[in-house]
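Residue numbering begins at 1 within each chain, and the chains themselves are lettered A, B, C and D in the order written.
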Amino acid sequence: MTTERKWSVGILTMIAGLLLLPILATLIYSFATNWVKTILPASWTLKWYGQLVTNSDFLTATINSLIVGAAAVVVAMVIFLPVIFYINVFDERLKAKVRYLMVMPYAVPGIVLVTGLVQIYGNLPIPKLIFLILIITALSFPAFYQSLDNVFMSRDFRGMFEQARMLGERPVSAFVHVILPNIKTGVFVAMLLTFTTGFSEYVITNIFLNGDYETFKIYMYRLMKANGNANSVLTVCYFGLLILVAIILMKLSGKDVKAGK
Amino acid sequence: MTTERKWSVGILTMIAGLLLLPILATLIYSFATNWVKTILPASWTLKWYGQLVTNSDFLTATINSLIVGAAAVVVAMVIFLPVIFYINVFDERLKAKVRYLMVMPYAVPGIVLVTGLVQIYGNLPIPKLIFLILIITALSFPAFYQSLDNVFMSRDFRGMFEQARMLGERPVSAFVHVILPNIKTGVFVAMLLTFTTGFSEYVITNIFLNGDYETFKIYMYRLMKANGNANSVLTVCYFGLLILVAIILMKLSGKDVKAGK
Amino acid sequence: MDDLLTVEQLNIGFNQTQVIKDMNFGVKKGQLTSFLGPSGSGKTTVLRAIAGLNKHIKGHIRLAGHDITSLPPNQRNIGMIFQSYALFPNLTVADNVAYGLRVQRRPKAEIIKRVDHMLELTDMMAKKDAYPDELSGGQKQRVALARSMVLEPQLLLLDEPLSALDAKIRVELRDQIRRFQQELGITMIFVTHDQAEAMAISDDILIMNDGKIQQQGSATDIYERPRNLFIAKFIGNNNILDGTTLRSLGCVVNEQRQYVIRPELFTFDNSQQVSLAQDNRHSANAEVISIPGVVESASLLGDRLEFTFATTSGPRLKVKQLNTREHPEVAAHVNVLLRRDAVTPLVEA
Amino acid sequence: MDDLLTVEQLNIGFNQTQVIKDMNFGVKKGQLTSFLGPSGSGKTTVLRAIAGLNKHIKGHIRLAGHDITSLPPNQRNIGMIFQSYALFPNLTVADNVAYGLRVQRRPKAEIIKRVDHMLELTDMMAKKDAYPDELSGGQKQRVALARSMVLEPQLLLLDEPLSALDAKIRVELRDQIRRFQQELGITMIFVTHDQAEAMAISDDILIMNDGKIQQQGSATDIYERPRNLFIAKFIGNNNILDGTTLRSLGCVVNEQRQYVIRPELFTFDNSQQVSLAQDNRHSANAEVISIPGVVESASLLGDRLEFTFATTSGPRLKVKQLNTREHPEVAAHVNVLLRRDAVTPLVEA
């Protein structure tokens, strides 16, 4: 192992350690009866987990977040998927313009949006939850687009679509029979990203909906101020969900792409 | 214009509109003396801007955020840049493993970290600000890496480095004379992304530092609860900063890359 | 007239740029016709128009007498082979080949029979249950051929089908395509930018450049009698000389025109005939003229040698000979012999 | 012995895989030596070891008598040309060429003089102030050549320098490189996977496969007397026949061995000599044997025609002839003539 390699491995390990150590601590804390001055807790318990799972606030918050996440996925699938296919396969010029939309969630985070949202949509006679879902979906467009864009670049989908046409298929059948089956992991990744964006949203839900609709993240902040151990349980749950999604993403992302090479 | 094109343009416009309309509203609100029931405000003023700029809390918060952002940039440049060059140009195997670090900020957002951070680093006799900066830098590693990764793939930097060696240069001179000048926009993009991550951090700063160190974002949340107009001014400032950065990023990102094609 | 396909007054333009300009041509039934030209010459654009994959066209395309200009691609009974193979990666080789028959809702037994027949013909039976990603490039393109040929299209279009393959496979598959075409009597249009490829397999070649047809004819026609400078340069390593220069070498030609002489039509004069040829030199109508000079360089191209021959009167000539054992050394003073009828004038300037 | 470079017992391995196995060879001063082989044969690995860019090697590399095995690349006085050109995009053409001289801290006047000279030589003077991204591929590689040659290295390594270029430019630049090499007397090692390229410009060719040297010799040596089956196949479209088959055609050969016959060494017998040759057929030691058969196919390769000739006694032969006006038609019954000394045995099995 060369010196350069040792240094690089060391720095990468440090980065990972800096982030993983606190998570380990949280994990331990969530199982501790009491943990103040010792290196490891004095005794262990599952009490905090039990308390949380039977807590109706926790269940409501989780379900509320699931609803937002799922709704965002449905909207994205119905509206974004056909547009992204069309742009990628047939419309080079439009594709070149989409990159302007790509910076939006970066330039327009929730905290920038929310003041104006209250101002504009606050008084309309349409349920605010619907706006919330539309806004979240719009914010997740770039992630949705990007996950599919890589996939569309990995094979000659235009050729496949046109070949299906030459073999006698009409356009919609060609899309369903030839394109969909070959982008399915990409679509799954896009769905997962949109779902997590919806599930994890905090700022807009909290301020725009005025705290009337308690989601997982809002519940988490509330608990943070109240109970340290219960909070660490919630953090562990949340981290568990994220890491699960991250592992799935890591395994899947690039699967269609790699297969296409 | 085909039907498909019309539909696609319509949907993309809708997505942009959904996000831009609230921002427009905030912008108007920040210039309004009073705006409740009318379509446009009754009269305009610069009062809110004047109040904010002369407010010492605002100045302190901005400076505090600038310090965090700048410090994160310095740490990243000193530690990440050499490692990323080495990995990209000489160590295919290590490069393949770096992708595990890429999902970290996604799987480990601030809210998951913060409970454990308090637990572990809370009682050490080292200023918490230092940990904050290290953590933020670690979280910005993937963005930093990604902006340079694209650049490194765009040209044969290995060949250029080796050619400089064959022409008589020693390794460090070869890096300074041949590599650096040709990745400079990529480096700038990476710096900008790291800076914005640091400047915008909220959760960890607020909870880990216990509100003792008021940053721009913390001040923003505080104002949100207090004064609508002043808050919209702050939002406009923040959006202004982000959009400026976003425009620079859009212009620059891919510049080294494009030039290399 | 036995043209299966006729294209009349074809004009194609995108965004004010005219890509194809007033094109007219016919493709004969049962033949292999190549569209040959450099990239950007418009050959693929014309092919896609014939397939129905390009909607923005003006003019008429007739297939077997019917005007198909405005038919959608799935109703034209035309097959197409893509450079990227465009196999469906989620289906096995057999299912790929069966795809078109299934769209037509043919009876199961018929599908099996016809698919098996095609797999045998293309020698892909052993890979019947494999997925496209498990195949080599050459195998992929054979599956793509089977998938299109099983539908027995009236016309099969091939869009640079060999460009993505290695040199060796390219030659093999090229010969196979020609064999399928001849055995099954398929009318094919073969798009390529490789003049050697086009010459090796075509009955008829259509050379395009800049959206226009430059010349249409057999490989021999085009190789031996290029119409203009573009074709002469594109087709091979011709000696291109003007009339004045040729006269200085002893040829009786029109000084205003340009001429080509194929490098393989020279022979080195290594016999006692030298004196004889010398005598002939000034008798302008002689069958063979003899040109004195010196061999400047010789480069081994495997089966051939390419010589640069500096004539005494000035111009350099390229001379190609088979790599047999008798040939002059570099720096040798020799004569090259040139038959009078090897000097071919260009029709256009 | 005038070897400038000698490589002894070279072994290179990464992660338990032995990439280069016990390699020994020499490269002569002032010559152009090619490393020729398919991808993965190890030719670039050896080149990089000579350059000093590969640290994990065992064995000895000597340049002009000095052991340079453990010298860093910047102290070897060896130049290198990359397939990717590796120009420095932030510097102008002139500054790229001056780079190495500036590292050596030469006086300004000397730098200007030597750079200008190189730019003239490579015909890049007009683009002196251009940046690399404004140049075509061929121009880029000429700048890269100038940049390396200006340092007057003892040895210049070229790693597939032409692979990224179009066919036409590839041939032009190939000839230019050869000219520089001969005019400036530079010792060059030229890595390529293209046998035509190697044959066209090399004094000496080293054929590699699977980390070993298969044969070293001149282009003519290798083309006319391939040592083994790998080389015979790699080098060209040889007829490879075993002794038994050749005997059935009337050749007196060792039945245990394999033979190659280059397709261009056959000639069609279209004269009155048919009867004579027929007579010769059974007199085993005749200079020329005549083989009866039928022309199965002819394919036009531009300057040549390639025939498949089905002999009456069985085996198919490939025959190549120049594309002149006299050649047999497809399906014609003719004899081909083969000189006895055109039948070359393979040395190894």
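Remarks
Methods note: a contact is a pair of C-beta atoms (placed from the backbone, for glycine too) under 8 Å apart; a residue touches a chain by one contact, two chains touch by 3 or more.
Not measured: the values here are computed from a predicted model.
With centres defined as mean CA coordinates, chain D is found 27 Å away from chain C.
With centres set at the average Cα position, the gap from chain A to chain B is 19 Å. Rounded to whole angstrom, the centroid-to-centroid distance between chain A and chain D, based on C-alpha atoms, equals 55 Å. Because contacts link each chain to exactly two others and close back on themselves, their graph is best described as a ring.
Annotation, chain-chain contacts: A-B, A-C, B-D, C-D (touch as defined at the top). Taken together, the chain A residues at the contact with chain B in this complex read 4-5, 7-9, 11-12, 15-16, 18-19, 21-26, 29, 35, 79-80, 82-83, 86-87, 90-91, 94, 97-101, 103-104, 106-109, 111-117, 119-121, 134-135, 138-139, 141, 200, 207, 217, 220-221, 224, 228, 231-232, 235, 238-239, 242-243, 245-246, 249-250.
Interface residues of chain A, counted against chain C in their complex, comprise 155-156, 159-160, 162-170, 173, 178, 181-182, 259-260.
Put simply, chain D touches chain C in their complex at residues 175, 195-196, 199-201, 219-220, 223, 235-237, 262-265, 299-304, 320-324. Per the touch definition, chain D reaches chain B in the complex via residues 51-53, 72-74, 78-80, 82, 84-90, 99-100, 103-104, 133, 144, 147-148, 151.
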